[in-house]
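Next come two complexes, and both contain chain A; in the first it sits with chain B, in the second with chain C.
Coming up: the complex of A and B.
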């Protein structure tokens, strides 16, 4: 007995024309993933720890049409994705479909390969076999299985060993209004060769009110000494459902830094799984979510220290207003033998309304003894003394609150090296902050 | 048995005065005879409604209690054992356990007791007669503790405090038991609580009347009939308005017990302005170095601050058991109520502990504090799992949580799973956790001053735990410290 959501996906799969079909191993992997998804269904409301704070019951009752037949014809204004400080190669997906006309893939810098998954499969599928054959079998991996079964396109990005790509690469996923509620599944594969450097921006934008279901699965492989700077701006449509999962694997001395800003969407799940396999690998994350209305945003960060002398510093901020719910689940695992690990996890949240809710679960799992690991989490309000200070200097209450809220979040974005982009993210954040003038001082 | 029989005889005599009650009394007498018969042998292994009826009959329980147990059993059959804890556990065959067994075959003298155990007692400085009691030697001859218990009873009775076994309370204070039993931990609360509700053997019952400050610290040790509280202990403590009680549970030396499963339930009820302080030093048999044997300690402990301005404080030192699954919790229902949890959990060899607390803030201006210290050595696994939940109505709720882990050795694990759920914007919740090992600097400092390696470790561990030990009654604190030393033996070097 499967839910309407699962049934609709399975039905659609039978009719779907996916790129690379006919390649035996790919067909088999897709079939197996679909079977796994159909058999398990969506994670139940209780009993699956990873989904403890996000109920999928409302989603279960919805039916989405698979893919957008008219994606190529949708008019999307370039303003939807324009970002200051981001002017490198660009790849645009509208409702999950690759739009060559909107992308900028000419004259790629030396050492950079960037092409849609559909073309990569048509040209030479074999190098992708390792990733696309992977099965997601853990309870709660439903959306990864679904993606493996149905991903119709995505980005394949490679940076040659030693190559330094200076201009940031921009991956844009735009949701555009359509005749029906759509589901799209995109798969990205990003590989940085030894000593390669890349700055990447993952950008979710809206071209109108589109209640679509988006599902993005991205694999990152960083070879020795590679450096990745990843910025994520999620400003999807207010009605959108968005599930994203990034899997990073870092070899020795590789470094990755993630800055994430979550603003849009109705039901959003952002998973980041990182495995620091090589000695001296480092993964720092900075993130902010600011939710209001009836938004539900769930961030799950899972960092595993496996090599020796690895490091990770996570700093996340969350604010929830009106009837929104913000969830942060952060896990640091230090595997046996991962001596010298230095792991920190900080999560601070502001709860701004009596109807809002914040749930945070910062987990440490330590199996080695030569480690430094700590985490801290708080949920609270703006500091009364700071508010008083500002008000005593003539700043109105509403402005004082916004200012302090902004400062609270901004700390997490300051370290983004792309200054114009950091400014822009700050401005996006400020634009979202509540200006509630009716309130009286507490 | 002797006391029970004379009780019944008294009742018969009393009842004989009124003809109408003669039959009832005679029936009871018959039941008692039946008990003697049964008691010479255990109930066969297995669990079904008949077993529960028999168990209830043996304990001469009223009808409502039997029904209460059966209701719990029926719920239990629909439940599955929890699998979320970070413990590695082979499935338990609940049908292979005997749910009522006659007093165990006891060693006749200390000569028959495992020398290793005696050695531990020696180190802890446990007095000789206590050693016998702890080792499970028949202790009828230990007059000291009997007399202590008797004096204590008189003094308590004077204050109006009821302190007796749960079985006795069901018979002599049914109205209190009925009113409070299962109101904090309902029958179907969780798998182990349901099992306990169906088959609980005995435990303590404490009732502190209004405005009374209990004249002494109560402990199971002082209770004359505490001998065999068994695998499924059930404790209920009720503190009426404005009263105070400090309750100590457990003993500071290893309890020899071959039982595999302990599923206890402890319920605390604090009414207006009442305070309950509950301290535990748990040192059940942890199994040997290779993880063979040892107790599975699956305990549900929960206190409810039902009245305004009440306070419940849990302090625990957990060093024993092969597997510990235990989360002493506070439901802060009344306004301005306070919940506290102080814990030291030490695991060595192949022990596994998944322990922590829950603080549920319901009332306004409720406060909670959590200090948890985990020490893992050998190949053990030690997890803190805690929930801080602030509900919508909990205006001005405040929580502070600190959990620190200390690792001794390369093969052990220390984990922290805090859950924070906040629905009220005026709440302030803070959580901090650190994990580290004993630093080489600290060791070097101690060693360079001529302190031996083991002593240095125990000094550092003691300092690490100080915050919790401070909360223990003094005698307990001293012994807890020594207990850690003994438990950590062989962890270094």
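Coming up: the complex of A and C.
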């Protein structure tokens, strides 16, 4: 018997009018994905390692309406997505629906193709076939299957070989209040040709209290020597449920760098799967999650080294306050034959309240020789000596705690090359930090 | 300014201070000397308000108030400053930002207007001259990667900037070579004034050649067992701490 969540999705699918319907292979893929999702349901509380720390039981009882019929009419203030240092082409999705009027797609730089998935499917679906036909069959892939079945829009972005897109491209997903609790599924396909360069900002914002369910699936393909700089700011509505999964494939000498800041949402899952297929490929990740209240934010990083002499440096920080829970699962796999891999994984966490919880699980799987690999994870509290030092100089306890917490996270954000954006992310983080007085109970 | 009466302090279940009394007036410099384990650092920490120091008996009155009921930050706002024996490294916190935050927090506490960054930098430049500190240190994280001497000079620089009424120097001379020691002493001497008092805690007499105290106290076994003028420090240097123990049967009995 399926849960309310699953049943509502399946029911909605029967009535959904999705772009590109009538294309035989796409219809088949969607149908098959829906069947897979309905059959498996949401991952069970036990038995699926990837979901070990995140219970989907409360979600299972909720029903979301599919899509927002009034998305085109929702008033959203541009302040919701304004970011310093980010002034390139922009695509805005409100409750999952593309909003041409809020986007900035005129005069795209040479070599950049950027259009909504709905239009790409109408114009020429064939180049998307490889991605949109993929079946997600692993246990725990429920949301990817659901996305494959129901994605109504998204971004299709291509950078031509050798093209360098200097101004950062801004993909904005805004949750706006609606008459019902909505579900949206967006699919993004991003491809960088040989030697192409792109700065991309994935931005989740809120235009008010919107307890919606968002599901984003993004595929990244980096051809030889391509360079991708990806920054993610997740500052969704406090009541939002957000599942995101990024799949990256890197060819030889391709380089990708991810900087992620997770602040918003009630239940959030952020999965990053990267496969370093080509020799000399490199994928560095930097991330911070800062949670409070009863937030639950789960980050899952899975990097596979397949080519020779690949490299990856992962540096993540987590802080949890009040009754919030943070999860970091980082897995590095060095495949057989991936000799010369250099893989590092570090995750440090800070608990700011006795009721907060952070689970961190770093895993290294090495099947190759001559590999440099290290991992470390810690969960601790603020250093009492440092706190006393600051207080002895006159800094009040609450401010001292915030200052130290901010300092703890900075290492992960400072390396973002876009300085105005890095500063803004720092300010967003600082604004979120608990300024608690002694009187407030934990 | 400061009156400590019969102070008893426990740390981790052990009684470290056992009836310490001391009176310090504005403008005075008091040196506290004593062997290792006598309770010298405990005195500094308990005055600054560190957690884990349990006062079981006695009182500390500062400017007519019960100092012990104030939080560390309130004590700082009231003008109490502790130069740490082991200054803490705080990665990720810029030294300048830290100093401005601290100074403005104290000014706010006292109801004074906060300084903007221009006013603050002007003040910093003035104080830098006095302390002969390279402004490069200001751009680094607090004490991170500082040499021992740089850390101690940074403590005195903070003191110059925060202008406390009562400064407690906890073994500021330890680990310093003679040049660094002189620099630190010069910084302290530049701050001596009729309104300001110092408690200089040290194991060695050497520092007192450069910071000449008005009073010298010998702390042994958690109490002040001998007080005198600066010549007491010289006698200690000559005879060692055993000499005090011989003259103080109580201390000897407990030792």
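Here is the rule we go by: the second predicted complex is superposed on the first by the 438 of 442 C-alpha atoms of A that agree within 3 Å, B and C clash if a C-alpha of one lies under 4 Å from a C-alpha of the other, contacts with A are read in each partner's own complex, and residues count from 1 in each chain.
Convention: contacts are C-beta pairs under 8 Å (C-beta built on N, C-alpha and C of every residue); 3 or more make two chains touch, one makes a residue touch a chain.
It should be emphasised that the depicted structure is a prediction, and the values quoted were computed from it without experimental measurement.
Looking at the shared chain after the overlay, A:395 reaches chain C, while chain B stays out of its contact range.
Legend: residue contacts after superposition of the two complexes on their common chain; A:354 is shown touching chain B, with no touch to chain C. Using the contact criterion defined above for the overlaid structures, shared-chain residue A:379 touches chain B, although it does not reach chain C.
Of the two partner chains placed by the overlay, only chain C lies in contact with A:406; chain B stays clear of it. Looking at the shared chain after the overlay, A:371 reaches chain B, while chain C stays out of its contact range. A count of residues in chain A touched by chain B and by chain C gives the higher number to B. Residue ranges of chain C in contact with chain A, taken from their complex: 48-51, 71-73, 75-77, 81-82, 84, 87-88, 90-93, 98, 101-103, 105-106, 109, 141, 158, 162.
Of all residues in chain A, only 49, 53, 336-337, 349, 351-354, 356-381 touch chain B in the complex they form.
Chain B meets chain A in the complex at residues 84, 86, 390, 392, 405, 407-437.
Those residues of chain A whose C-beta lies close enough to touch chain C in the complex are 383-386, 388-397, 399-400, 403-404, 406-411.
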